[in-house]
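Letters A, B and C mark the chains as written, and numbering starts fresh at 1 in each.
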Amino acid sequence: MTDPRTAPAGTDVDAAPVLATAAANAPSAQAGAGRRSFLPRSTLLRHLILLVVGAVLAVALLELTDPFTNSQLAQVAYYAIAAGGLTVLTGLNGQISLGHGALMAVGAYTTALFLQADEPWPLPLIFLVSIAVTAVVGAIVGVAAARLHGPYLAGATLALAVGLPGLALYFRDTLGGEQGLRVRAPRPPDWFREAISTLSGGSGSTTKWLAYVGAFWLLIAFFLLANLARSRIGRTWRAVRDQEVAAELAGISLAPWRVLAFVVSAACAGLGGAVLAVVVRLAAPSAFTLVLSLALLTAIVIGGLGSLFGALIGSAILVFLPPWVTDLGTSAGLNGTKAAQLAPFVYGAVLVLAMIFAPAGIVGTLRLRLLGLRARRAARAGGG
Amino acid sequence: MAEPHGSTALSASERTAVLEVRDLTSSYGPVRALDGVTLRAETGRITAVLGANGAGKTTLLRTISGLVRCERGQVLLDGEDITRAPVESMVTKGMAHVPEGRGVIAELTVEENLRVGALFRGKVGREEFDRVYDLFPRLTERRGQPAHVLSGGERQMLVIGRALLARPRILLLDEPSLGLAPRIVAQIFGLVRRLVDAEGLSVLLVEQNARSALTVADTGIVLNLGRVVAAEDARTLLADEGLRHAYLGF
Amino acid sequence: MRQFVNVTLNGLTQGMIFAAFALALVLIWRSTRIVNFAQGAMAAATSFIALALIHSGQSYWVALVVALASGFVLGAVVERVVIRPVEGGPELNAVIVTLGLFVAIEALIAIIAGSSFQSFPAPFGLEGFSVGDGRIALTPNGLFIIGSVLVTMLLLVGLFRFTRLGLAMRASAFGQEVARLLGVRVGRMLTLGWALAAVVGSLAGLLIAGGGLVHPAYMDSIIVYGFVAAVLGGLDSPIGSVVGGLILGLLLSYVSGYVPRGSGLVNLAALVILVVVLLVRPGGLFSSTTSRRA
């Protein structure tokens, strides 16, 4: 990928996701410029505070909304987990993947298989196993992907997305074929029911429990990803993305870092898939088509490549937009199935328009505006 | 540091300027590459544009031919304002730019490269191609071969030949001597000189190899940091040791 | 023996379609360095236009011509309006744009024509020729497929090799800046490249559709196969895309024919082939190490 900062005159520098990603990942000006700030300087501490705030917000959100919205929020959670990993892969490390839907399938099927046992292991353990399995698959794919760029990488991961679900059909007996595997969703434990009734007087239904499960793992995943992004690893990922030649000259061997990024994003996809399996209570090939991978891509592009918050926003849009758009369609006279197609149409159109007009996504564009504003203010203050 | 000299000492009334550049300014992002450049290239003369790396020479040619948009200033070709004219129209107006790096299209054959030069003209007679092959016998042998097998000197001949097929009034040459042995450089410069003398072709020659360029040029214009610091008759420049040491490296 | 012949013939016929699609991808790659992931959806759109004409009483051949013409227009419009803003920028942008187009066009087809499977007529018979005491897996329609792709290829070779327009297109593809300096209207050449590629893509879409069922997503697998075929032959080589298509067609046919329950593994087989090629010989079979810097 070309570095827009050294692009010749006439290039619309704003149009490059690399610069936009830089904006989206800009270390908070507070930390460097010595301005007043509300958050402590230490990254870890800052993230811990955000984690607690996020937890409180999640609880409030889940308690204040009805069960249907709870299940929608659970959907947002599992998309966001996968999208978070993907935005780190694509935004920080510059590798595009159209195959993360297939990786979610790996996580989902693993979870489904383990939950089939009569006395299944505790859910967190099963999730960890799903993460591990998907991470291994991610490592294999990542090794092949590390040598590929741009459209070749896109094409290869596209082939993965289209090909992997076929395995479920081939191993019909274990993996349930076209119908898939039914997932026995774990019932909410007693301590949960008590906590909910104390908190809001509501009942701790399975739906709510699963939504909490999703929120919990989302917070953990984002916390870890955020720390990773700001760490030396994250910086190396960015170096590998932006300045390949310079990184190699500095002695950084590129491939292991690419594979690592892939593994991390695969682990997230696996976790997302695991949560999906318990929330949807089914792991079937039809849930993991190419459209899923493209939906994840849409989410991170809309949100802003490299931004976790953007991944969350994008996932929320992914879940809440389709029903709204479909309703618009039916009220405009389209029949049910056709109206359902309005949502993917909007995704596609948004992707195209976003790339042409706002490649930095929501978060990125806002950051760029903010940076621009700050720069102008500083210039004025400096008497420039 | 030498003061910018006044306009050229040649009697301007005798010769017309095929190309005139007035107060040309263009930037790469925050970097000002050309800062109010004014110069003339006279008809039937070789005007050399010299200066150190980064002085703005290549940017000057690219701005003249339209590849780079200027922020301010004018470019006049035989009196016609071509400042905002699209790049593709330049050859039709009689300006052929041989870019930095030569611009050989490696995937096409030698013959096909030449044909690209004549594309905009429509049907071009075989004699014109033959004439180019006569000028550059080395190319004849390599007619059907893909251009990437050519040596540096052969590539330079190819792109000059290709530009000639566009029948230009003025030829913009960007660092033709780059990477070439002195013998070949002399050959190519000699050929350019002959074309100018025999056919009245005008040439704007950008060169880092100032010494060689000045032996074949009529006028020398020295750029430094995007500004013109000298515009003199070539012999005068060669004799001016102070200027040479300051800007031209010899 | 008979099975081998049939599987091979089937592979060749399929391979020709992959070749056509790969050719479309290569045409666009050569001119704009973009892989058009939306090519399949664009082809599907023109097939549905053809279907609509056929349903309203037109003959197959009229529908074919209209489909190809609308493909031309669609390709030109897409390049000019959607792709031009992202050409020359980071490749990630262009990939995302074509993916967005892919999703949007398919959804649009579903909205206009519905998602159900519809049958598409074939211009020629679908019964295998009888040889000896049985039939072989080569049908008159199959001959039409092979023939039309070959003719298209020859026309394209003729265009690029022997015409001034073709030279201008190649110059625009390989030396954009220099071509501009020499007066070539590079923008128009790029648009033309996309338009021609879309015509070839439309042809591939029609050839697949003939005698089978179409639905908005019917070209989805072909994108993968076409891409693999193009990579196999070398993204820069039109001849390579044809050879790649044939090889891929044959390989997949053998997998489907000889591996038990192999038809489910065909997509995975394509993936494996792709990965092997990209790791072993990323330039494809016909990669030429042309230095692009003069």
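Couple of notes before you dig in:
Basically, a residue touches a chain if its C-beta (ideal position, glycine included) is under 8 Å from a C-beta of that chain, and two chains touch if they have at least 3 such contacts.
Since the model is a prediction, treat every value here as computed from it, not as a measurement.
The most centrally placed chain, judged by C-alpha centroids, is C. Between the chains A-C lie more C-beta contact pairs than between any other two chains. In this assembly, the chain whose C-alpha centre lies farthest from subunit B is A. Once the centre of each chain is set as its mean CA position, subunit B and subunit C turn out to be 44 Å apart.
As a whole-number value, the distance joining the C-alpha centres of subunit A and subunit C reads 33 Å. If each chain is reduced to the centroid of its CA atoms, subunit A and subunit B end up 53 Å from each other. Listed for subunit C are no residues, as none touches two or more other chains.
Across the complex, subunit A is touched by residues 29, 34-35, 37, 82, 85-86, 89-93, 95-97, 99-108, 110-111, 114-115, 220-221, 223-224, 227-228, 231, 261, 264-268, 270-271, 274-275, 278-279, 282 of subunit C. Residues of subunit A that touch subunit C in their complex: 1-2, 4, 11-12, 15-18, 90, 94, 96, 98, 144, 147-152, 154-156, 158-160, 162-164, 166-167, 169-170, 290-291, 294, 297-298, 301, 334, 337-338, 341-345, 347-352, 354-356, 359. Residues 65, 67, 87-92, 96-97, 99, 101-108, 112, 115-117, 119-120, 146-148, 155, 159, 162, 166 of subunit B touch subunit C in their complex.
Considering their complex, residues 164, 167-168, 170-171, 174-175, 177-186, 290-294 of subunit C touch subunit B.
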